[in-house]
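Two complexes are shown next, each including subunit A; its partner changes from subunit B in the first to subunit C in the second.
Moving on, here comes the complex of A and B:
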């Protein structure tokens, strides 16, 4: 498909065509309960109400969005936190009846002029972490939900039988219908529902339907993701983007929701009714032009999407390989982006929301499935994105086609590629050490590189296989660590150090060993180790731009706040710094991309009509960020101990890793720890590793000290009531909880710095209980 | 569907232009029922030293592949047409047009462009504008970046 300008109706994917008996499927639907709503108008980015559905009590109601709620929580993830705070208990777990699945939009969500403006933010109490997990995702659901009339949808309770939730913005109706005959796996289910719920049998009509679904894998694991669809009028398939992290799909299926369908009557360039559409068009066009002129020299997103990172990470020794033991590999060039470019379909506007000219959502069309229930069929594979390719290298899979196969099945089974890939990489390492073996793995030969075993594992999870290993493996690294230790199959420290999880969530795909700031970027986070809070490796390790603890702490304050802001507004982060103005390097602070920050100030102003500054953007985030941390504390997981990270993310766990970077580590010991080269030569590798281990653990604790102080938390990582008040977050229940928890820490002697400070080393503050004076 | 082979595009004879911009006014009348010309005209005549330049869409159609909702199509007569009822106002075509000929007026969110209607040709008293037929294959362009330009 190279010639371009093909009329939309003439595009052909060569995918396998399905024929289903739609009449029969529809007839099997029974309306369980329903609700009518007055169609509303979006005003300056807000629908000004949210939708509450309780599947247990069969209640549906609207909740008003107040001006105060907008001022304090902005929207998106902020609204999600507020709704959860009002609904759950500290003891709520992922499968509790009162746990909620929340999908939110944000005031800028649904804008078509500015690239990256179609994100939904999804929140729930995660099965992996027992705290709130937020995950952002593209696709049409968020914009459509808002245009249908709601800033957020909140689903509590559980249905008795599989249901489809329809939010019909055309007719002003919410219907909860049983859906026994539809497929469960995403690629087929979405095709069925998109066709069934479209008002007319046309592609334009199908494009006005968007579906949230998961799959069989989500039913049987903690890795369930949500797939958000966006119908492609050229390929004529509902494509999908994933809210991957934290098991949101697992919660969806636990609630017996097969899918959520949202449809709208019309989408226009001003569906958000912005205060100043002219400014939106101007700044949007400016960015489109930057992308047009510069993307091919910068990230090349339009050609290969985020997969362009594979070669960069390999080059800088950051591409996770064989469970993060290494950062590059001789075979890595086999999975560089040009290898995927060969398979990608070209000449299609690949944005996951209208108007995103970054167009990073690449696909392979007509891919022939090699294993499992869909073997032999031709399908569209969405991706792979960088993270998914990184899972390939982490499992030592160096064949693009098998990475595509892994990608396809994870998506359709509703499995998060990141958690799945990172976890299997850990199981593979345990297999290599003999801690796991074929017998212990229910007959799977899970050695590095065995793609067939990987796919077999996925199929068995999706089938609900009852093998002891399959059952525990599908719950992720944390549960497998506990299982291995309980079975006494291996050294406890080795198991804990190798398994790349923190707070129970699997790491995403970057090697952080040599960047302390990035270790903080993964560990000192709200939901767990995901790179969406901060990505500081280049700034820290390559450019050495943040050498001191104070510098690093400032970066670990600013960037998480800045990146949180995208989630409050329903935006994608990529158009901020994955395209940069031509003169960015000459600005005062290139890492912040000042011109684009100003775009966002102008953007929010043009939407809401409110006067704001760039400092206000950070304040908006700080409110919600601290609120979420406070909720973590409330749920029992917001302390220093919970910001623990495995040593594999800090340094070499095994001798092999030390040897692979011997020069680097020897030099590090000389320069940072102050042991002379002569003395190093006399030391054996175990002694050197021990030195490095102790030093780096201490560095991480010192980093946590500096970061907690900068963020205005206690030395044990608890946001203080004083800080919350400063931010204008005055919920008295929350303030009391925080004070009580701080008092408890005080009694237990936990309000102390975690690092071991030698004479002359600077403490973040010489005043114990510094926060009391604020 | 029959794919058109040729398209009529505007040709400018600067030596005949008197700079009175009757063409722009006629154009804005077509698009916005306004005699303002200027920002509301798809054709622009720009002073260039002692002479004039024309700035208008040449129907190479690069924008067609940019449209996420299929609002940009090549019509039977070969022209690149924006259906403003389908358009969702994203400005991708405006931003990506290599010559800036897809235009946006503050009047509405959807862009507009030359449709080779000939209103400007008829409006010019001096015959400075003309519609000429050319083969689409000779001007056609596609937008896709071929893995950078390194």
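Moving on, here comes the complex of A and C:
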């Protein structure tokens, strides 16, 4: 035992203890409808059926998972896309009755031998983007759902009153019960439900219950996240991980679901019934050792989680500060990971699923809440992760305790920290410019660094405050941009350029101005600017390893496909490249971590018993990736115009930004645009900024050209029927839709390159209709 | 007299070690792979391996992001 540690059995969180009248709460429950199912056995990673619940028609049924579905969609996010394709319409919006909330697992989900194998993938039509949003999350729900008997749960329709959905893998029952008296906010609701639904009053029994919940913030905003619980047997509290992006929690509450509770009979190392358990154990053990021996010299995830990135991003000018105006700040060291390490509980392993040696889910126990309805109470705060700390920086909040406060309330109110933080940072910048002011902000002084105003805004959203600003602000940047422009309170271009959203979704926390590839990693995406498709900043900006458009396009093909694969299988991406084998540097392509790629080939093979190569993994992803893009097209999006990104992510919007990095931009104009130093000296700042603006906008369009070409799409970004067929995706309805949409684009003259190519510059293809032959 | 570091032309400094070059380039991230003319330099040798004139240096930051 290390210095300062105590035995875990003696550990107390010191959290505030609540006393609820459980008898009264339970008595208020009424079963609305129910269903019995035969308990099944998971075979080679699949339960081979999904569960469908319609809250409007009160229908529950099982759907068979066919071999064809497994071959084409693999599992996880792929299954979610297939279920949505079969159930929604192109006109379905987030609050339509037919919209679905889907939670999926994946064939490798629930494995305890290989680190990072407890992820669920959640999908819905997003309130922020009007297209499908997928979001991954740890916690016990996914594995328990599969071991209860289902590869996915699909919820359609809306309940009339607040309900809890119980999926009881112990008794083989699904119950839809009214739940009028439980709390709504996550930290209290989870405590209540975990205790109420445990078969016995023991920690072991509570650990077999996992809860999906959201909170009051999700009810009143478009930023609702899903919290997935995992009962921490040492701390004796249900902890949570978040499916944050795209408003999944908003959809949950719109359906009047207070919570989904999944109970499991037992979990063991062979619950997935793998085809080759020996190989699985062997590759798992190898990675466990690697993490144990090397993590402390690499990312230090076991000590500080993803927060280790804060200091790196600051040092390389990539940490978003004051709404992405800057990438570093003199006060940033106040929120470096050692500052959070001081607060983290250090004696207890922090995995969000059994067997994850990486254990990066850090926690602050006994945190004293400083504001709002829980002021003075002591709570467990899950996190903060890098993104949440980055939100602090973006709002110019440099106090770790206020970042923890923001983190706690976002989680318990069911708000995505990323969308919330990024949006508020934008509102703060608008406040600084006078486009917003105290009067226009319903009496909030929303200037940079005002943490009290930030928390006040969260509390007012959660209370359902009817102020005009509160109502529109809680719907995110896109709606606020439209509102500000409509009110004519500021310059339209400035508003559009500063608000960091694309497709209606707020950016995650990286400054991309100097990395064209990462601009594509945010813009040329399916759901919007989330870094889970590609993170190419260092490869592009620092390592200079992908200098040409073709190189960048290759990276924007390979990495999104590779990263998609984790979501098809129920895996966490972190053990792929946040830990590296000791000899990784000596391999042909260290950025891909070839040894770990081989691990995943062996892992899927050992689970499913199928013959698989590393190329097959990419093919699995490519099928689903293109299917999702095709669904975007079907829903009226998925075109070049929809891959637009704000200029703040490409370059300096304001003079202050240019001046703060003048040497860098002047040098860029010389080296990339070819203006001599002498001529630059003669130019004023407006002229230089205009030159940079035009050049970088064109660079982005040329990148889109190269990426669409590499992905086998039309120059307007549409996957072609030929490409879909090549991938084995032959759904005739989808192929017809794609052809019709391509024909429409052709008529409208949209199947043309977006970049302005000078003589001698290489086009992605000399044949403008290249896709017809594919 | 110059060297190329991550594709950029940089002034060559006599007797400069890998460690000093990283400092000069402000490459503070600890987990880097350094190759001089395609040959990996072991981390333990950073403090004494010198950068030859006209060499091509790759400093690969092994960072994964979020």
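Here, the second predicted complex is superposed on the first by the 765 of 774 C-alpha atoms of A that agree within 3 Å, B and C clash if a C-alpha of one lies under 4 Å from a C-alpha of the other, contacts with A are read in each partner's own complex, and residues count from 1 in each chain.
Here is the rule we go by: a contact is a pair of C-beta atoms (placed from the backbone, for glycine too) under 8 Å apart; a residue touches a chain by one contact, two chains touch by 3 or more.
This is a predicted model, so every value here is computed, not measured.
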Clash-or-fit label for the pair subunit B, subunit C on subunit A: fit
Partner chain in contact with A:508 - subunit B first, subunit C second, else both or neither: second
Dominant toucher of subunit A (residue count), subunit B or subunit C: B
Subunit B versus subunit C as contact partner of A:295, first or second or both or neither: first
Partner chain in contact with A:497 - subunit B first, subunit C second, else both or neither: neither
Subunit B versus subunit C as contact partner of A:112, first or second or both or neither: first
Partner chain in contact with A:540 - subunit B first, subunit C second, else both or neither: neither
Partner chain(s) touched by A:9 [first = subunit B, second = subunit C, both, neither]: first
After the two structures are overlaid on chain A, angle v-u-w for subunit B, subunit A, subunit C in degrees (C-alpha centres, nearest 10): 70
Which of subunit B and subunit C A:590 touches, first, second, both or neither: second
Smallest separation of CA atoms, subunit C relative to subunit B, angstrom: 10
Interface residues of subunit A shared between complexes with subunit B and subunit C: 297
Partner subunit B, residues of subunit A touching it in the complex: 3-5, 7-10, 112-113, 203-204, 207, 233-234, 267-270, 277-278, 281, 284-289, 291-292, 295-297, 300, 302-304, 337-338, 341, 346-349, 351, 354-355, 357
Subunit C residues touching subunit A - in the complex, by the definition given at the top: 6-8, 26-29, 31, 33, 40, 58-66
Subunit C contact footprint on subunit A (complex, rising order): 297-299, 306, 309, 312, 315-316, 386-387, 508-510, 531-532, 535, 537-538, 542-545, 547, 574, 576-578, 580, 584-586, 590-591
Residues of subunit B defined as touching subunit A within the complex: 1, 3, 61, 64-70, 73-74, 86-92, 94-96, 104, 106, 109-110, 140-149
